[in-house]
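See below for the structure under consideration.
Naming follows writing order (A, B and C), and every chain is counted from residue 1.
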Amino acid sequence: MPEENISRPSPTERGLPYWEQPLPEDKELAKQETEARKDNLLLDVRAPADVNRYMMDPMRRQSRRFWVLCVILAGGVLMWWGTWLYQAINGIGVEGIGRPVMWAVYIVNFVYLIGIGHAGTFISAALRVLKFEWRRPISRAAETVTLFALSMAAVYPLIHLGRVWKFYWLLPYPNQRQLWPSYHSPLLWDPTAILTYFSCSILFAYISLIPDIAMMRDHTTGRWQAFYRIFALGWRGTEKEWAHHETTQNVFSYGIIPVMFSVHTIVSWDFSMALQAGWHSTIFGPYFVVGALFSGTGAVIIALIVLRQTMNLKFFLRPEHFNGMAMFMLVLSLTWDYFYFNDYMAPWFAGAPVDRTLNILLQSGAYAPFWYTMLICNALIPALTLWSKKIRTNLTALFIVAVLVQVGMYLERIIIVPFSLARNELPFSWGVYTLQAPETMITIGTFCFLILAYIIFTRIFPIIPLWEVYEGQALHGLRKVGHYLLHLKSAE
Amino acid sequence: MADIHLLGLFNNLEAAADAIDRLHKQGTGDEKILVLSGSPYKPEMLGRPHYHGKVGLASLGGALLGMLLAAFLTVGIFLLYPLIQGGQPLIPIPPSLIVFFEVIMLGMMWAAFTSMLVLSGMPVFKAQPYDPRITEGYIGVQVTLDEKLSGQVEQAFNDAGTMGVKRQALAPAIDLNFRRFWGGGLAVLTIGAVITLLFFYDVLKINFPTNMNEQFSYGYEQGPRLAAPAESVPVQGPDLIAGEPASLPVPSSPNSLQRGKTLFGINCVMCHGAGGTGNGAVGAFFNPKPFNLTSSAVQNLQDNELFLVITQGFGVMPPAAENLSPEERWDVINYVRTLKK
Amino acid sequence: MALPVHKWTMIIDLDRCTGCGACVVACHAENNVPVQTEREITRLRAMHWIRIERYWQGAYPDVQARFLPVQCQQCGDAPCESVCPVYATNHSPTENLNLQTYNRCVGTRYCQNNDPYKVRFFNFFDPDFEDSLTNQLNPDVTVRTAGIMEKCTFCVQRIRRAEEDALSRGVSLKDGDVIPACVQTCPPGALVFGNLNDPNSQVAAALREQEQRSFRLLESLGTDPAIYYLKGGSSHA
């Protein structure tokens, strides 16, 4: 943090700006305050002009490394589109699926990507409702993970369709033939929920972005300024605008949390509504939601660590934020353990032959390595590491744990989708799933798109919600209690 | 004189509050004062009246609209398209509840967003008084007033400790690019929606080749039908095996011959001609020509073979199975036997 | 004239089934089901609307083969129907048939996942009928292209034809008017088809007389299948 660049306007006759408050005169208290400022973003009060600069400088000039990465990722996206076209022309048979494993990697990716999206909403909406102030700098980075993960997740039901050119038959549109889709099917509750969640996430993110786009409009010139002016919608920051803004954010925060829970529950119902062994479990609803939050938190941690290092956002993203996220990930890991044990225990105990066969397949059969890896990554490693504050605030260790969590959660979905389908009541119809090249290429391509869209977004729009940081810094303070400075949180 | 806007900038809350107090003392009403800030402050912090927005109410309205849409998507579609699936009732309640929940939330949140824009007057097409320093934490106090009074307002601002005062006339310029962008976007969306509806209702049509429109299989009455290879296995049952006695042959009675002649006239004359010699009007177009039924080649065939030819067709001759019942086919065969004279 | 309610039912007598597979071939021929290449079969994409499941029973030297012909069970409470998002598969209550509309299918394949008997087949590629083999295709049945689910329909084209013929002649359907291809071909007569609502039909008689031998596949799942199996052999296996 460049201390020497802090601008100090000339003191006015009445009062100082909130970013100009001097340190207390008592040496002990001054030391406490300096320590508090280092640890806590909302106490490390800077002039908004400086905060703007900290955000805008990395957005202005891009290194060669960035452009090389963009080209590579764009190549990945082209690979995705080419493979998808090849698959659409030749037929779904280029995948590795067969009877009875009719759903495989595409559905796994779908579930995984929607899962990642949940943490973004949780951080920006639920933590806001719960008044967790440390969510301020991270909410937009998390919400952006949600937006692009959902956009890629929305593509996968199209990729896995047998006749993708008829996809519009899944939409309820009025037509001359009076054909309608069937809301009996979980496959239609899915797009309804995802449409709600995705569109409302976009609107939610945009609402939060408007004041920051106004800031960009005020600090850029030329074509960029024309761009920001259009999307700032003429925002000035009047009381009316802020009042509507706050109410709308409240409606969205309170509204999108139940939607978030419902979305992954509905995705889980794609499975639990089926009579398939390993799928027909009533606990899938909350189990999937917790799993989604778990993997999503890991993904957001990864995104934040990468952002902090590559865009030099050390002012905004402090150990306190990673500490909070990592504790949250630990709680989710333990909750996931609880739900997974429930899901495992009931069929194990009842011992129906088909469930028993599936369990043997996972524990000692061909798929055992996947199953054990999943348990180690999801249950063991977070439980062993995230207890320690040192590990939680050490970014390298946290990055590794978050990546392992992603691996574990991806394996969990693989075990649920293609591996469970391989076993059913009639042994003559058991099968096996073999991964083929088109599936790998499309998976890699969609993830490339996600990353590419994300990094381009971070260079166009500020990835830290600056107005939330100003609000937090303006309304937080320290209060002297005896010889101690107490962090006073803003009361509303 | 005309009304103008005056915008005073302050870099701390106390000064801005002080300025507003001074304006109140000068007699400027709250409705003429507007506060701009880069982060949200409560109006009470500045001595301003609380503002009650209507976004919450609009969200409820949106939720209601969502409920109506959900009712259509579930109950409406189930009644419009009454197909039974999977032992479930025609209007299953649990799936309907799911759709209701999602669409109600959708309506509520979209209504909140739309009302936020509409109630704030966004996008703002007219340029308003503004200073870029507002997004640097400064607070702006805007007063709309008669130009004559601007002097005392500026004095109040200076006494409170302003960082600068701006003026702007009340008839501001319209940001044309802005209006073009949003107006154009709306127009594009509307036109797109209308064109899409025209496609949905087959007013506009693009004749794509539909997937199973053209079948590889040969339909009835569709040639060419190849003769079966010499030693192939017969198709179906003893009826049609050459050399085997046919089941249910109709004896050659006068009634049968009468019926046969009529049916022959309807079905066969057009190609084989009135005397069965192969000189029919339609038959003239074929190559090879239709068989001469009076020839010894045809008359020496077994009854069953004739039956086979009539039922399944031969070469260009289409099968007559759809037009003639088996009894009628025997009647025709009886008649054809009389043609050899 | 409204069509009467037929409860189309099939009885499969496991005592008579020799596992010859003639029904499989007949079904392929009647319903234009493509024959898959060896490579596709190793990738679990064999398409046999009716298949003979062969199970070995006992240890050497007393090994016995048990054959179970399995096709779409035409469930009364079909789990595959309620998961189709486009109504491509739905129920015909007047015929107790599970209908499949080929041109409406968009290929989500959820129906196969929800089908406990795994009797639905997906067209992974466009079918490849060589030139002269197209002569053998049945014009009454659509040839499906890639991306469409298909399954046994109880030869619904034959059911329709018989109904139309009966309607045109002004009579009602008798037992034996409708014969699916597999039933027609079965050499030992293990497959019997008919209307269970007709007390004089063969299927009704068979179920009445052989009740202690009859069972339905995976009955505990509550799918209410329309195919009854009669246990075979001295061990009634």
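The rule is short, and it goes like this: contacts are C-beta pairs under 8 Å (C-beta built on N, C-alpha and C of every residue); 3 or more make two chains touch, one makes a residue touch a chain.
In this text the structure is predicted, and so the values were computed from the model without any measurement.
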Item to check | Longest centre-to-centre distance from chain A, chain (CA-based) | outcome: C
Checklist entry - Taking contacts as defined above, which has more of them, B-C or A-B? => result A-B
Checklist entry - Cα centroid separation between chain A and chain C, in whole Å? => result 47
Checklist entry - Measuring from the mean C-alpha position of chain B to the mean C-alpha position of chain C, what distance in angstrom results? => result 35
Item to check | Intercentroid distance (Cα basis), chain B paired with chain A, Å | outcome: 32
Next on the checklist: Which positions in chain C are in touch with at least two other chains?
Outcome noted: 79, 81-84, 87
Checklist entry - Residues of chain B touching 2+ other chains? => result 81, 83, 85-86, 88, 211
Checklist outcome for this item: Expected list for chain A, residues touching two or more other chains, is 163, 179-182, 184
Next on the checklist: Under the stated contact criterion, what part of chain B meets chain C in this complex?
Outcome noted: 81, 83-88, 210-212, 215-220, 222, 226
Checklist outcome for this item: Per the touch rule, the chain B residues reaching chain A in their complex are 11-15, 18, 34-41, 43, 48, 51, 53, 55-56, 59, 73-74, 77-78, 80-81, 83, 85-86, 88, 92, 95-96, 98-99, 101-103, 105-106, 108-110, 112-113, 115-117, 119-125, 128, 130, 132, 134-137, 140, 160-161, 163, 175, 177-178, 181-182, 197, 200-202, 211
Item to check | chain C contact footprint on chain A (complex, rising order) | outcome: 90-93, 96, 98-103, 157, 160-164, 166-167, 169-170, 179-182, 184-188, 270, 273-276, 279, 421, 424-426, 428-429, 431-432, 434
Checklist outcome for this item: In the complex, the residues of chain C that touch chain B are 32, 76-84, 87, 89-91, 93, 102-103, 129, 134-135, 137-139, 141-145, 224
Item to check | chain A-facing residues of chain C, complex | outcome: 40, 43-46, 51, 53-55, 68, 70, 79, 81-87, 104-110, 112-114, 116-118, 120-126, 146-149, 217-218, 221
